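The data blocks that follow each hold one structure.
Below are two complexes that have chain A in common, paired first with chain B and then with chain C.
Right after this comes the complex of A and B.
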């Protein structure tokens, strides 16, 4: 899919043996300090050398005044100085034989003519020297596997997983990651902030992630695609094996104008991008929140093998609305087998009908919440007419399972949860469900939307058997 | 707007001087126990009498075996026995001169023919005796003002406010209320669960709430409207003074079928309902989560007087996407006055452009988060070209205000917040913002959707001055 040499080149961005941090700082509020601390905090085993002409030592590491004065190899440089110094630093890197540079600094083509000139100069030096560049105007790389990163977000922790992000944005990426990690939403394999994309672009990174066995799901935020035809070709192949989900900014004229001043991107005609995504099997969604919703499900849950849904809910109103949503999303309400009806009958009062969607409130009253949820979930999972399950839980004492372990860990069909009710109780239940690998949403709408996308992905990957 | 007699009748549902709880129970898990405890816990000052033929005393109150054996007046009865006993109890109520009955019991017309017969019998007795009925198959009433309620949800607390709910659902209503209260989302004036609507319907309750000075915003969940023409007439008048937001179940054929077995409602043709809402100035949204999002804003924030939005965000990507969303929602990006540009210039590094949408990350780096948010928010609020403000905060140390009090309490223009980042820090900031009356969302999409509806409401109420 990608030439060997290309992959080898990009490897220096993800697995460098040695890295110089140019613009490293002793000031704990500065990006040049935080990213150095991140490199030291999350297990990176390579050599780390701070570069700063005005200090001897930062965070216990000896600092050098220039990259080309560092003794020994320097494979990769992270640059976090003001933009005007970057061309000179690139020349230092050239002299040192650096192979990859991540430029975090802003103030390049996104800020007008002068910046554009500066960026051109940087690209020229890179080409001449054979140095690949990520950025400028970005937060660059996070590789959770080996702890290598150029992010200057203060993370509370890092969770390893199979979800990769490519984002033409830096700051937001960091803050959303901190949200993902601190809320234990899911684990991440690699993050790539692309910024102005003066050299490395989204398609090259896609090719790299396609071959990365730590990555199973790829999310992409772009404001413009550099080479549409190549993107289309590459994405088309990848989406048969790994889902690609994309959010694109700059749909409206004004949005496109803002994109130009954000990452100097040409947004292009939106309908062309949409058509290309469809053709390439790329899922396009409208905002970042959909990313998080989807990633929760795709990182742990199996893809559905059909579109027949069992809806288990304590609220009659949600059964009505949920049925509407499921039908309107192109999914189907599964018809339960006789065996399932019989099993559910055992926990249902005589006066109440049993059918899918399954109104479990009468069962909760009769058999208790633990037994009701256990029987209901396990019954529909075992039913051959059911491909996927959505479960509503009302977190109010007596109405919800005391221990969600009663549900068991199911890996054969996707199960998505909607959780409402008392704040602290629903947080506890949500945490426990996530530990079991189940995605949890605050609304039926979000769960149905996610399941609908899972069906699209399953179709693209030829996993639908009915 | 409503006949005096009608209001007087309905008053017995909200402000009874005395109430009998028929089916009151000593079993702490039963609805008949929890609702009695709720009546005693949340400040209801009227007389409360438990009715249960098998016990002498419940929760310290003397119990009677039948309603008509209670000495003194009984204005209102709450019935929570099995359905089959309800006709007899209605006759007891007739003999006692009870004026209003709330029937919580399920097993009536929503469960088939036999239940339908039972329900008809109950209605007949009610008509004959002049007893108004709410239900059956509901949780009935909550009046936060005086603590009167028939809900059997275990609430952790109750928050008084100006938002009323009318819901053709009981259980979910209770659980969502507990979510609202325990998360301190907003305060509630009245809640009415309508159930099967064998007598009192949504339109009568709308008329009552229109005159209730504690209620400023009305939310309505219905599965079917009993008298479309009257609903339309009444709603048309109310929406000029108070917004009505509606969610309707049973849009699809299958959804409509489920509605029939939930509350025996005829969903009717969806396009007709949609057209009626439009004509009546009723806002129709697709799910409950939109209710909560809207109520957060409508309960405390002023309505916008125009559609020009200032977007303040720390993320360039969110400025791009937010601009797209704002434009696509029919709102506009405000052009800032020269005075505003000058004020913002003071906190912005020289190399960075100042315009709306406002990218504040460079300012946060230069002037700190407290000063940046303070200057940015206060500047756009004072700008005559701005009608509404959306603010993005990234809850990561150093990037967000230490104290949101710096923003001040603004009541002249709506301000909506989007909050991302570290879980515990964003919860703290969210709580503080809500205390100041600001709505907080986990996504730009939700904030823009809410603001767009606020503009519709403002137009309907003739508050748009430009």
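Right after this comes the complex of A and C.
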């Protein structure tokens, strides 16, 4: 485990009191400009000082030509200059007493021999000076709590939340984040781009995030783990309290080769990585999309205390298919209590049987969509035999609730929604459901897969009551 | 303390291997290492002459198997370096001569140290227990059923060492072919406990000797009671 001092060191990457931006630029197209603007736009209250030998002022801030010419304390430096200048800048940081450096620049070990040499130099200076380094070749940090960020992606908006990202990739991460923010899937606590991992690695960041009470779900994209054994030990402890979900690239040989040039990683055997994840209670998924599906649910919904599922749907076919999927995933179809059956009876025509999975189309015809969905959802939530709920809504006028507020906000058991039908109507309903904290999917398959993983996580965290 | 003594003995074997500029253990060396870690192996003795071979065969009990011992031969079967089912001293003598002839024909420069005289055990279910030193995760264990189950179906499980008993059991029950071990089509169930012990002891071995790069116990024959490692291969870093 990282000792107290280790966590303190990392604090300079997330909550610095003063930041130098080395390579800041007046040119609005340059990363050095965008990142400076980002730093000033999202609420960061620390001192920000641009460093650029060719200009006196950027964005209203006085610029200095070197880090060690800045008066006062400089806790952290973000470097976005060409790689060849970085060793000298590191020495300036050493003289100044900077504690943490985020190197965004590419052109280091991921590119070849020359770059590797530069990186070694940088690491040496860092070690000698006691400076911790994140990067190089990354977008660095985003802390939504205090608005500190080193990223040069143009974000339209940042949504605060409880999901943290650790990624070995830079630009894709930035674009995916913009997608997440703009679609209101879930909010983010911290984002960490590790790049070439020349110093700080994923295991240290995991330890930091384990102690961060703003983070409830941790996502990790890696192409290679630096110290697998340490990662295992640390992850094992963390997954008892917070889920860690990992996507690992470089499965096939070709993929692995690309990974090598992308961030100069060591790739181990893929099955061994899966075994390690299993042993550590880490959930491994095959791609970002699966992770996004999971994060939607994990960030807002409670974990299930058992594996008995109530399936509410308007389509007979989906009820059958859904049942197959639920059973095949190792989950169970809940048996409704007599009280639940009685409650549902009130909105169900005489000729139609009441049981789980629940076919609500006849009820929609009899009692209307609003009342049907309200009664159905509330009934199964109150049923002690039910641990989790999946609801299918067909976005066609008359078949879907006018206002999803009728469903209420439930926090005791997870509820997942599947939307079908008219595109713009289902998008609207989806948005409204998400505002209530419900995850929304466009297929039963995705919802069942998510629920199955939620049960795995629940078991790992010893939350399963039965 | 006994643990310290055991480590030393195996380390001594490794030191001798290195002194001879090798990193692949000879079969008798590998099997000795197994014995030190209480991994059950077939009865064996290392014979340097044909007379020794006959005398050891008498000691061990017929039928026996003879296998070439040479640092230059890896695939003994392929070069006619293994002869099975020897039931009399005469057969042992003939086999000894044949093996030497075969090996000399295949690789005249091969350094021949002798033969292993090994008990020939009755057939039963075959399993594989292996270990490798993974560059990312260090000592890693592997388990599977032998033959086509591992070679064609790749039905194996991995665990990062060290493992506890519960994890050893998980490894065993996790493979798709597990029902074969429980007993199937008139074949009796095999000694799962023996497999658990082998996995745990292998875990100890690779954790206490990080210089082991690859370990292959293949096949291990498992019976209703007990198990025997027929072939063991050990490669150092």
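We adopt the following convention: the second predicted complex is superposed on the first by the 465 of 466 C-alpha atoms of A that agree within 3 Å, B and C clash if a C-alpha of one lies under 4 Å from a C-alpha of the other, contacts with A are read in each partner's own complex, and residues count from 1 in each chain.
The criterion applied here is as follows: a residue touches a chain if its C-beta (ideal position, glycine included) is under 8 Å from a C-beta of that chain, and two chains touch if they have at least 3 such contacts.
Because the structure is a prediction, the values reported are computed rather than measured.
Residue contacts after overlaying the shared chain place A:97 against neither chain B nor chain C. Measured by the number of chain A residues touched, the leading partner among chain B and chain C is B. Once the two complexes are overlaid on the shared chain, A:87 sits clear of chain B and of chain C alike. In the superposed model, A:398 makes contact with chain B only, not with chain C.
Of the two partner chains, chain C is the only one that A:279 touches; chain B does not reach it. By the document's definition of touching, of the two partners only chain C reaches A:228; chain B does not. Applying the stated contact rule after C-alpha superposition, one finds that A:289 touches chain B and leaves chain C untouched.
Look at A:302: by the touch rule set out above, it reaches neither chain B nor chain C.
On chain A, the surface touched by chain B in one complex and the surface touched by chain C in the other have no residue in common. Looking at the complex, you find that chain A touches chain C at residues 224-225, 227-229, 232, 266, 268-269, 271-276, 279. Those residues of chain B that touch chain A in the shared complex are 29, 83, 106-107, 111-112, 115, 153-154, 156, 167-169, 171-172, 174-176, 178-179, 182-183, 221, 223, 247, 249-255, 258-259, 261-263, 286-289, 314-321, 323-325, 327-328, 333, 351-353, 357, 359, 361-362, 394-399, 420-424, 426, 442-446. Within the complex, the chain C residues that touch chain A are 134-138, 140, 156-160, 167.
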